[in-house]
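For reference, chains read A, B, C and D in written order, and residue numbers begin at 1 within each chain.
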Amino acid sequence: MKRGHVETSMQEKLDQLIEEHRHWTKKGAVATYIPELSKQDPDLLGISICEVDGTQWQAGDWQAPFTIQSISKVAYFTCVLLDNDFEELTKKISVSPTADGFNSIVNLETKNEHKPLNAMINSGAIAGISLVKGATIEDKFQRIFRMICDMAGNEALKVNEAVYLSEKRTGDRNRALAYFMKGTGIITVDVEELLDAYFRLCSIEVNCRDIAIMAATLANEGVSPVTGKTLFDPKTARIVKGVMTTCGLYDGSGEFAVDVGMPGKSGVGGGIMTVSPRLLGIGVMGPALDAKGNSLGGWKLLQSLSEEWDLNIF
Amino acid sequence: MKRGHVETSMQEKLDQLIEEHRHWTKKGAVATYIPELSKQDPDLLGISICEVDGTQWQAGDWQAPFTIQSISKVAYFTCVLLDNDFEELTKKISVSPTADGFNSIVNLETKNEHKPLNAMINSGAIAGISLVKGATIEDKFQRIFRMICDMAGNEALKVNEAVYLSEKRTGDRNRALAYFMKGTGIITVDVEELLDAYFRLCSIEVNCRDIAIMAATLANEGVSPVTGKTLFDPKTARIVKGVMTTCGLYDGSGEFAVDVGMPGKSGVGGGIMTVSPRLLGIGVMGPALDAKGNSLGGWKLLQSLSEEWDLNIF
Amino acid sequence: MKRGHVETSMQEKLDQLIEEHRHWTKKGAVATYIPELSKQDPDLLGISICEVDGTQWQAGDWQAPFTIQSISKVAYFTCVLLDNDFEELTKKISVSPTADGFNSIVNLETKNEHKPLNAMINSGAIAGISLVKGATIEDKFQRIFRMICDMAGNEALKVNEAVYLSEKRTGDRNRALAYFMKGTGIITVDVEELLDAYFRLCSIEVNCRDIAIMAATLANEGVSPVTGKTLFDPKTARIVKGVMTTCGLYDGSGEFAVDVGMPGKSGVGGGIMTVSPRLLGIGVMGPALDAKGNSLGGWKLLQSLSEEWDLNIF
Amino acid sequence: MKRGHVETSMQEKLDQLIEEHRHWTKKGAVATYIPELSKQDPDLLGISICEVDGTQWQAGDWQAPFTIQSISKVAYFTCVLLDNDFEELTKKISVSPTADGFNSIVNLETKNEHKPLNAMINSGAIAGISLVKGATIEDKFQRIFRMICDMAGNEALKVNEAVYLSEKRTGDRNRALAYFMKGTGIITVDVEELLDAYFRLCSIEVNCRDIAIMAATLANEGVSPVTGKTLFDPKTARIVKGVMTTCGLYDGSGEFAVDVGMPGKSGVGGGIMTVSPRLLGIGVMGPALDAKGNSLGGWKLLQSLSEEWDLNIF
């Protein structure tokens, strides 16, 4: 089977894959550090695929809503790249992978001249929002929110208020990251307002199809496969996908490159998006997570898909 | 121009690229921590390309010999993968990228249960040699040396004795890494003998063509494009390329993914190899290094090539 | 001359010592990270000594007011010890010296089960305030403020509003520390309110005599040498002095033990207090600091005094 | 009871204290990382006291031989201070306490310009031996060995060959530390020869009386209370005791200052020495260790003694 070949019985295949992998959901656990997330159903498993021509496939619990969480970082980073000179940007946020966890603060003190190592971990994402164009933080929020809607081809996306409030109440580690960066001059805006935007962006409710279409927009080098709108240029798309590959699954990025071999981004809401450049985007969801905060069932599903359809880019 | 398209005037283009990028060699510096390496000519810049059908192109100082250094880690890792069950292997060496330097010892003490983070940094490479099949360390050395010759399609490769002795004399940081791992049980063989193999493998003399053919063998999923010999399977090739992408340029791996966008591996002798999967391999050399130990001219040359010929895999 | 012997010409000696050491003030620099502190006069140098029988000696700029800053931590820690069972307390704050700076956040993430290493660095002091008896944070503040007044035998102490506001405006590193500890459960009260108390306690204006009498109260095992009031018990005094000895000068504590050899505590306002157990307390001030944030002139003055009067406790 | 007062029934008191504290030996465990040490009897508990006038007291298993281990570091450091200018010395080894364990390598990479933080942890001790006067390492060894014999007032001290060989065979972590420092230029001599001296010095067999007399020599400011020989000057003695206080019990130094309040030094052979300046020296032994490598029974015994006889220096 050659790369990217799509079987005639694709729907059956997807249905079958979901069933084969559903047992993995029993081996993970939903996130509990954000209380509202602990209410998620751990048994869910869904998938959606969007080809660059707009063809779509879905299976399992693909319609189940979940919060986008860190997958939104892909959209911040896209906006950050569009709104800043790359050389200037790297004086504030690097593009360096790290073996530390997504909310680690150690590196801000000890490495890299106090800069966040990359935009896919919390510190870099929070700093990133402040670098997006906009007179006010609300403007910056709107710009990113709009990018997410545009990439998902879905004007109806909304913030899940319960999750947002839960994150805001318990987001002290993120406050620590933000105030540290305020102290070192990486962040110059009001921290609470910035975090409010961050928590809202993390709490946007999506389903598998939304993130599959976002991924397909990256696969299609910035042109939405569903609306045809050009959202960003191919070079920006490539940088985003390069950073997703090296940093997108946090300290699990290396294993994901081996197991799945596609640019990806996960969120603690249970979603993972992956991009097959120039071919298709995939969105999976499964709220039961592994120890590093990545959807366990989603990961295994992507691994099987990558092998069967030869989607590994390496 | 579509991906991988090869221009008719390829030779002229390569000659021109070498001339355009030669000025970068003035901005770097040859490695000095291994005394023998400090004798290299900093002005050299060369390139060699090998397509998966065996077609080759060369320009600049492609014939200038240099020591393979860390590029040999690609061959150890290939052998390690062939000779070990992957699950078992990851109990000894992870596949996790890191923001620390190539000879960092910190992570062995503080992270990842004392395991080397990946096989592309010194600690992981040294541990890796000991995991290759072979009754004695000499057998292990021979197995890896043979793999390098086979991947390069060059039976005439030899260890540069002056560099080898220089590394052996001054390799105290590597001794520290090895003894630390001996202390934690990752290494169970004799350390000095193991390091002797490591220093010899780092000191193998190659030129741009050798490493381009090695890269082309990876591009061709384990089958040498010059000898036709099958050296390893496609799955092993993909794992190697995945780990090269996330870890191959040390703490510069993230920037390389952005700038060049190909699986790569650098060495402090001035070489960098990159792989364009299923298409071609590239070897560049330029002994003047940047601050992270990567060939400065080589990096810039690859960046231009990647853009012009659309070789970025993302 | 035997230990603690007080010369007849003590006043002359002190005047002379001030003159001999004033040149050191030229080699340091006033703190600038709190903008208001940067307005201090770097040339000041003063000393005050209070014996356990209440006899006092003063020289130089001993009347110049300065903010107490971290010297107030001695009082928090005293209150924390009085108000908590020691075993229970060590589950929240350790008594371990550290080679990291006074505002380091690294250890909160990587060591000691996320507990502050000791109560003399910022993280431990902030956590400490929350452990002092008091229904509200204002009550806790008042308890500590009262302890400082009582230890100094000075009812007229006041917060310097300009410094307090300056600290509050720029205290983002302290906010990072506090929110990190909120996130890990070490702090359970409102962070901004807690920091407000911390910034006010740091901004209490004192002079050399005030801190000398505080030190003399510790020397006298909890009984004020000027008011005769018993403020705490000998065992508490010994714990405070033990922790001052190992942790009181931040990452300069080891050098201070060698150079001066007395339990001490410094503040970035330029003050240092030292205790000669059962004998006397010393307060020096000199706003020009060394690289670790300790008064340079003050340190050198104490070193000479310790040698001449054999005050080294070792 | 006032400080240092010696009871008439001292012998009875000591016998009673041993019996009261013997149960603590059941709560610790003998060191196992040096195989030969694991053969020690965990139930032993002994004490010896030597006053500065030479009066001695003993109780429990004070005659049981044990290896001196890290307590020998006190003697290296004394020699290092005698043989080097202090300013020059601090360019190679600092006097800074640390929250990291005795064999930590992290700080050599990340802090303090790659210098060992202090001479009481393994890295600083190994580097220290190389800084002692002597044309050869054997000369350096002999100088330190002689200092230990002189401080102990015991010409019959010998290396325990079985322990020495066991340490040599398994001392890979120490090799890592030493080669790291060779790599950074702190150590310039042959590493294996230097470690051989280190392992022999750690393996000197002593009993409680030997280390009590060593401690009493420090208490007596360099003059042996048993031979009357002047071994070093009071200033050197004070520096040694200052560094023992801040660094002598490794990362347990802060707790020891609180619990016991005397300059001390422990070894994984089960010994602890403490100094009551100008008064007496104490040697305890109890091979069952706590988690940080300090004798558990010995620590508790010293804590009781310190309280009952008011030996806390703070």
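Throughout what follows, a contact is a pair of C-beta atoms (placed from the backbone, for glycine too) under 8 Å apart; a residue touches a chain by one contact, two chains touch by 3 or more.
All values reported here derive from a predicted model rather than from experimental measurement.
Taking the definition of touch as given, a chain qualifies here only if it contacts chain C and chain D alike; none does. Averaged C-alpha coordinates give centres for chain B and chain D that are 47 Å from one another.
Spacing of chain A relative to chain B, judged by their CA centroids, is 31 angstrom.
One finds 54 Å separating the Cα centroids of chain A and chain D. Within chain B, contacts with two or more other chains are made by residues 110. Judged by the touch criterion defined above, the protein chains form a single closed ring in which each chain touches exactly two others. Per the contact rule defined earlier, chains pair up in contact as A-B, A-C, B-D, C-D. Partner chain A is touched in their complex by these residues of chain B: 94-100, 107, 111-112, 117-118, 237-239, 241-243, 245-247, 251, 253-255, 257-258, 261, 263, 275, 277, 312-314.
Taken in their complex, chain B has these residues touching chain D: 104-106, 108-110, 172-173, 175-177, 179-180, 182-183, 191.
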